[in-house]
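Common to both upcoming complexes is chain A, partnered first by chain B, then by chain C.
The block that comes next holds the complex of A and B.
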């Protein structure tokens, strides 16, 4: 990351090049950028990438679905600052190896999600309807999501979206919530990129909590060999099977 | 005021539940008529996205019926359904829609009576919950 014209932008450095004045407070998800870069990388070349804990988890989910070659990615562990942890309400911010920065402990709870779960279901529905009404379906949450890597997006299918139209009603968010259930790493990028300010991270955290309670699994878990919802236990992803869902 | 009649969508798998529904029909078992049956090849081919779409467009209840565990025509289809539908229920609960509006059940081809029982129970349950709150919401 380097500051240019007042904005922080990602930089790529080749071997032997002087990195110059770089910054380590990464404001966005590097895996989203890497997903775009990966197809353009020449064969056999390796790339090193700064990975925070969430980037690490995103990589694990990408590897599971066979999008990147494990041998071609070198990870440099980066610990998040306290401000970043507070902004993401992150409970698991320390990467497996810390190369840069100082590890800080995570934040245990999310105030808004606790408040929501203490509400009655009518109140909760009213809250979410109010929030989702603000959504103008700009797809920013999808475009910036590190784990949205399907070639054909389910949210653009004709079954769910009319031709040249926008996704109707609440289905956009409900379908997205389901689709991300077994891969959302709670990085909070959707919330940060949302122009309408919908607390999407809170929604993700609520779903992730239920998911943990049901399947004892949280996305980014390396022990699990394949996507949880598309495959059965212990079953590896076959070549001809859809690796997008 | 007229009595509330819920609109129910039932996804029935071709090999068990749809045949079970057929059996219930030819046996002339009485059951509520406000159920729309959609025949699918396997309960696992019911994308949870379809359930989400139905609920968000104002359907009062969605029923997913498949073969009993171990009886699936495609060996493991219903295992996958059993994994996915609970996630749908939890997501609906999180946004404040009653999770009872979505139900997963197993009906085999020989269980016409169970089909009648499941339909009657589910329609009663959804009728008690009242209309889908999303029906009235304009986005």
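The block that comes next holds the complex of A and C.
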């Protein structure tokens, strides 16, 4: 990121170019920004990218699925500030290699998660119904997500999400929750970019907790394990397809 | 040194081309290809958040339909030609028509989609190069009544507060604005206030995404606004909720107001509006008693044949409670286009020079005559709506239209079509072929927002830079360059500009509210007008110590019925508007696949009970007629609109709502009554 026009902008700096007033304190989701650019960057050259711990996990998910060529990506480890860690309620903020910044410990809890888990399930449902009623279908949560990578998004499929409807209904958010269950790395970009202020990071954290407790699975580890929900490669469906629909 | 072989990857900060919120974002560019939009996290207004239109603002820019070469009609067909030939022809025709019929036989339409610098040049073309004040633009169709109404009440026709202030209001009173669909990021600020515990009140004939979240939602009959506003003021007076100190020290003519609202009894108001007295009284109390209360309104208020009066009624409401002139207290017209505030500021209006200086004021005219070194006409020019009427009767002979699509956006399109067919010269400068360019003799290809530099002024008066991210397609030129070349060919002085920054420098010298504004400053800071000098930081809140005109003036306005009321033949009230996914005449959004996917076809919303009575089910094809035309479209059966009213969005050329609307005009502002006409619905 660089200071420009009285703002902080994401920038791609070419080799030999003056980097200018570089900033690392504004939480742009650089993996998403790079994912947009990557298909167009056909020159095969190496790309170095500022990488927080959550970005490192996002890259692991991206590499697993073969979207980036691992050999082209050079990670510059960024340790997040205390303020950023608090804002993200992040329990795992230190990248494997710290090149920039001082490492700080993570925070163990998300106050809203705890408050919600102390509610009755009816109260909790009411809370989320209110939150999702504010949704204005901007698709910011998918557009800015570093691990939303399907070519055809099910949320843009009329069978599941009717056209035009605002707000789009609970199913929109539940489908998204399900689709991200095995890859969300809790970077919080969905929450930061949500104009309606829906606490989407808390929503993600609650789903992630269930996955940890039930399946001992956490997305974003750098070992090359297959994604939990899409372990289909090499396992043909022949004979097992459902004939009813 | 940058490596020569490296791909050119850029993130260009610019301003959204859709509504008037003025969100900033980065356009992602790889080697002159526009590939995406990234929100700007440090932008004061958008804070890293955008709506679905913002996220798709790159999608139409490099669409194959873009106009790429100048076109001239020969033997009935538009043929490609060179810029030289097209501009020579255009200038020649303007000169010929001016000589034969006089300068007032020519009208220019400026554009709320073009920059301030371009609009400044468009009005200068009309005034200095052709000697006519016939210059207007689509503000005539959206907030003309705000400009006339608030000039009378306060002395300034713009938002009194800033967008971020909505977040800190205790009461947000919204009427005639579908804020979450039409101004989503302003709506987002209202949602933040809601989360904080602020009371949101919505008064609208339709349910909207915001009204469904509001604490109080009331539905009035379309065309009955002054009745309920006066009813509220009566409650406020009767219950002793008037801000006496404010009224005494800051305003005038309160007695006249008292006199007119004393007749607005609860029973009478209910009979006109359909709103229950107890509910209206509750709204009056919540609004009047709040510490910080902001009114937001839009086209539901302005687009009436008494739009100016309705705006003045809302101004009365704000003044009587003292909810104006301080942090999170004010009256806020939400402007609908990226630069509709700016195109008014820059003088794209037939009676006003840049900065709202009157053309019939000798002192103002002398100033511009000296600045431009040319004699200027004193007579105010034709409004857009009147220009169409004059064209129909053969008095207006030529129209030069920069970036407007009047064959979709104006009322009673059948009449507009007849009128523009009468013209000897119709020139259209646009980025895509439009319903209007089909009728043009000359069509010139323009650069869009992503292909040029300049400024847009958003709805809260912030002047925001747009920056060139990619080259225009083919031979397309930015409008400012087209205007300069045309000005020179018309033999006028003062069109030798080599950049928009130079144009702004000139505009600042003659426009006091922009006096301190230049591109260098805008590159570093957010400036809101009035910004009279280089060391002035701009103005966030208007009317803090006194109103722009001195004392605020109460206008004693009373209810009057709309120009058309339902009849046996046309029993429904048709009201028109927008949806979240499409934008105005659809030229840009309908070429953006993700937006078009969400709202691909025209529809009419009607109440369940009405539909049942007529045997109409959800999704049925219906024909909707008014005294002016008929369109065919799908029915959407809903409880979200009151019985007796129907709603059609005006985005769709294949069933253009404006075939039906009434061109009845507000006498002061000449805004048409888009929000009320009598209509009929038939199955099939």
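FYI, the second predicted complex is superposed on the first by the 222 of 245 C-alpha atoms of A that agree within 3 Å, B and C clash if a C-alpha of one lies under 4 Å from a C-alpha of the other, contacts with A are read in each partner's own complex, and residues count from 1 in each chain.
We take it that a contact is a pair of C-beta atoms (placed from the backbone, for glycine too) under 8 Å apart; a residue touches a chain by one contact, two chains touch by 3 or more.
It should be emphasised that the depicted structure is a prediction, and the values quoted were computed from it without experimental measurement.
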item	value
Chain A as common anchor, with chain B and chain C clashing or fitting	fit
Spatial angle chain C-chain A-chain B, Cα centroids [nearest 10 degrees]	100
Touching partner for A:133 - first (chain B), second (chain C), both, neither	both
First (chain B), second (chain C), both or neither touched by A:160	first
First, second, both or neither for A:179, with chain B first and chain C second	first
Touching partner for A:76 - first (chain B), second (chain C), both, neither	neither
First (chain B), second (chain C), both or neither touched by A:143	second
Partner chain in contact with A:49 - chain B first, chain C second, else both or neither	neither
Touched partner set for A:125, first chain B, second chain C, both or neither	first
A:210 touches, of chain B and chain C: first, second, both or neither?	first
Distance of closest approach, chain C and chain B, by C-alpha atoms in Å	8
Set intersection of chain A contacts, chain C complex versus chain B complex	133
Residue ranges of chain A touching chain B (in the complex, touch as defined)	119, 121-129, 132-133, 154, 159-160, 168-171, 173-175, 177-179, 181, 203, 206-207, 210-211, 214-215, 228-230, 232
Residue ranges of chain B touching chain A (in the complex, touch as defined)	48-50, 52-53, 55-57, 76, 79-80, 83-84, 86-88, 90-98, 133-134, 137, 139
Residue numbers on chain C that touch chain A, as the complex places them	1-3, 5-7, 9-11, 13, 24, 26, 28, 30-31, 33, 35-36, 38-43, 48-52, 54-55, 180-181, 184-185, 187-188, 191-192, 194-195, 209, 212-213, 465, 523-526, 579-581, 594, 597-600
Chain A - residues contacting chain C, complex	4-12, 14-17, 26-28, 33, 36-37, 40-43, 45, 133-134, 136-140, 143-144, 156, 163-164, 166-167, 192-197
